[in-house]
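The structure's right below; bear with me while I get my questions together.
All chains are identified by letter, namely A, B, C, D and E, in their written order; residue positions are counted from 1 within each chain.
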């Protein structure tokens, strides 16, 4: 059976579980919202500082949500060794990787329509349609960039006792380029881009995505088979 | 035998470091704009080069250790990473001192500096990961994977100054440098390379022995009783 | 079909399995007996490629279950201590998932029939998270029916099952045996299992210490106290 | 000692237990039988106050296990499907934790002796996360020995145990019975359990459908197929 | 047996598990460090903005670490139903609550000597000894304030599979005041307190601590017994 079809089934399964545990989606979302709120408390009422940081806060909320979502997704796999069950069927490890990574990307995409408006309102940013489009494009690239290495590391750390904490430790430094790239690009989208710098940041993001979606796919089978 | 060769390389390294540093400190001319602080370059750049080299070696060893699960790969990979992390830390410290002297700040979120810092965190993270995994085989596989994933940052450290505008200097070539500066730089590079090889070898051996110590022999084989089945 | 040479597996400083040689010709049914902690589960997991051998080699149909994991696992099915379930799927969704992944385009009716066979027809739309121990076991047993295995590894399949469940499982195993499926059956219910097997292997402290007729295995294990 | 009136428990839209009346005098040993999913575990958990009754009342020595949870639970010990273990403690640390919490100032030697009794002396400093199914079961059985219970709830205590373990458990139960401890024993190994019990209760679909001599319980459950 | 002694045993058990999974402590710590780093990437190179937000970032790192630490602690309890095992011994629910809450507070306290200096360096804040003392005092109050409701929340959500969605929604509004109070107080400690406002913020924090530590203690038995 082609691993692509298996990947789709894995994705559908995860989506169903997600839907059943709506609670989880709601709380990831809520976590994002609260993070945005907290940032505005933290930085205080100075709205120009807030506006300057808006892109950064948005991306951080995205990052934290992605870590939580992935950790949880693999926790479900470990509960009654569901993942092992998949491998025994057998499901190609590649199918598991791309199914999960795509699922994570989609989950993060669904956050955009909620988090972005909230951030815009909270941080008093005004936006035209073009910039909004750019923003969502950047969001997509960033979500993809976080999902691929995130899936790989979540799969490894889900077998460790302290996954929730080890995962961010490994993942955060790795995704700093994604973070930097998307913060810079978003800031340009929000504030205007007189010097045409956006392209280079988008290229960075796209390059990162391509590299990690292939590299992590190659490495995932090794990660998951380690008993 | 092997041990004495590696020890020899280390000793030659130390000797070269003394010679190179002497030339760098007392023979080479001071730089036009930065003056005497610039002499920190004679350790800064070799540290950077050898750190990048060490991580590259770790990358190759990681691929090897995924390919065939021989223990040797893993031990050497750990040695290389540890060496790289130490050199990377030195690089950061030296760089910060230099930055304070010439740019007036300890730190700046410049791409070169940022990517170098990330490189340190990534590989230190791998060493941390290793300490969390009690099972040797899993430790080997996972740290190899993490090394390959982390290595993507290394070319970025090297090329970032060309791709983005940066405070930090872009690579020069021997043609654009005063020959009096090139010589101590070359000597010190080989010196630090020698010391790094010695250090990596020591750490690899330690890792190897650690793993050996974990590996108790299996109990003596019990006799198997075989009863015919009618 | 299965060939094991000098197999050993160490966890930390403890050898869970050592010096195991085992050959199982296609179609044979082997009882795996031994006291608690003697290494039965470890051996089965090694055969399924879920652990990496510390020493020795495993071959299933000539292939290494670690290197050629997918093609090995296409041949085998495993019932383990864990049921491989997702708490938030219903019974029907679970079997639909398994069937889909192994490329069996079964209709929901066919799957519901399978559920009926293990007595879960009434719970087909219940979340498996709320299942009782025996119901979980019954559901996981279905994995052996969804794949078309040439080798089945049973790890304590009888535990948690009620009398009816045990009978059902017994007929299944007998049926598999008739069809020439190779099986390894690790269990403590030696009286129930003996009649289902062709021969027995007894493990002790991770080593193979006895092989012989399955009916004598119980006595051999008793003698080890 | 135990008195249950009109007890029922609903999960979602499904009644796992309904209309159960049960009285157990002090010192009685009651066998709890019934097919998979018939509500045995649910009943035991209700008695331990781990579930809240949907209908009806539970009294243990006159107290409500929900309202007076602590004093009820001082009296009872429970062996359940779950072993209540922390993967990262060793066997010795686990029993030390249990002993400490129930205020028994046992020395490490005394605890090590207890471990020896269930055949875990050799694994006392091993992390329980690496234990085999039977070893986990053996360890959790010790809970009944650390507390001084007047009521013991056994939920499938025989599963995963090898022959030696089953014998040991049988002698323990017999010993408890001699000492006048009240017990409820839910199991599918009816032949083993029958001789240990004074009377039997058979559940079906969450309802009590039969009480009688334990030796007949097996036949009664069989008849339900 | 007195519940105080039981609380101590629970605390010791958690400490032992913590020590076994040393990884966990190290990584909660690393997590805090990495979070601090991320904030400075996200906000960008503008060091005055960084300085302005330093207090906020510190408290956010504290909050995130505490959530992770507590969630992990209760996950261990659910793995093989260890918590249920404790309740059956029986351990007084109060002992579990105070043992866990204290453990969490201690864990957060141990973070201070690492996170605070890093934040000071990263965000280029200079500090005299008095302010440092104040900072640590605020840290203690905030850690305690996060731990009590956090423990309650974590106990409830660790069973979430069969529980309602509302629980996370309940917690966040609860914590925001602690967060606000400590951000304000820390900002004053860092930047100087000409108008003597610190006292009122400290009182707010102390008040919250007292209320939460008693209120959550009262509520915990209900939360934990809900089967």
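Following the convention adopted for this analysis, a residue touches a chain if its C-beta (ideal position, glycine included) is under 8 Å from a C-beta of that chain, and two chains touch if they have at least 3 such contacts.
If you're wondering where the values come from, they're calculated on a predicted model, not measured in any experiment.
Asks: From chain B, which chain is the farthest off, judged by mean CA positions?
Replies: D
Asks: Looking at chain pairs A-C and B-C, which one is connected by more C-beta pairs in contact?
Replies: Per the contact counts, A-C leads.
Asks: Could you tell me the distance, in whole angstrom, between the mean C-alpha positions of chain B and chain C?
Replies: About 47 Å separates the centre of chain B from that of chain C.
Asks: List the centre-to-centre spacing of chain D and chain E in whole Å, with centres computed as mean CA coordinates.
Replies: Distance between chain centres, rounded to whole Å: 38 Å.
Asks: Could you work out how far the Cα centre of chain A sits from that of chain D, in whole Å?
Replies: 46
Asks: Whole-Å distance, chain B centre to chain D centre, using C-alpha means?
Replies: Measuring from centre to centre gives 58 Å for this pair.
Asks: Of all residues in chain B, which are in touch with two or more distinct other chains?
Replies: Correct list: 114, 121, 125, 128, 132, 137.
Asks: Which chain D residues reach two or more other chains?
Replies: As it turns out, chain D has residues touching two or more other chains at 87-88.
Asks: What are the residue numbers in chain A that touch two or more other chains?
Replies: Within chain A, residues 21, 160-162, 166, 169, 173, 176, 180, 226-227 contact more than one other chain.
Asks: Can you name the residues of chain C that touch chain D in the complex?
Replies: 11-12, 14, 34-37, 41, 81, 119, 123, 126, 130-135, 137-138, 156, 159-166, 188, 190, 218, 221-222, 225
Asks: Can you list the chain C residues touching chain B in their complex?
Replies: Residues 8, 10-13, 15, 18-19, 52, 55, 198-199, 204-213, 216.
Asks: Can you list the chain B residues touching chain C in their complex?
Replies: The contact residues of chain B facing chain C are 69, 134-135, 137, 214-216, 218-219, 221-230.
Asks: Using the touch definition from the top, list the residues of chain C that touch chain A in their complex.
Replies: Going by the criterion above, the answer is residues 45, 48-52, 66, 69-70, 73-74, 76-78, 80, 82-89, 93, 97-98, 100-103, 127, 143, 147.
Asks: Which positions of chain A touch chain C when the two form their complex?
Replies: Chain A residues touching chain C: 1, 5-6, 9-10, 13, 16-17, 20-21, 76, 79-82, 84-92, 225-227.
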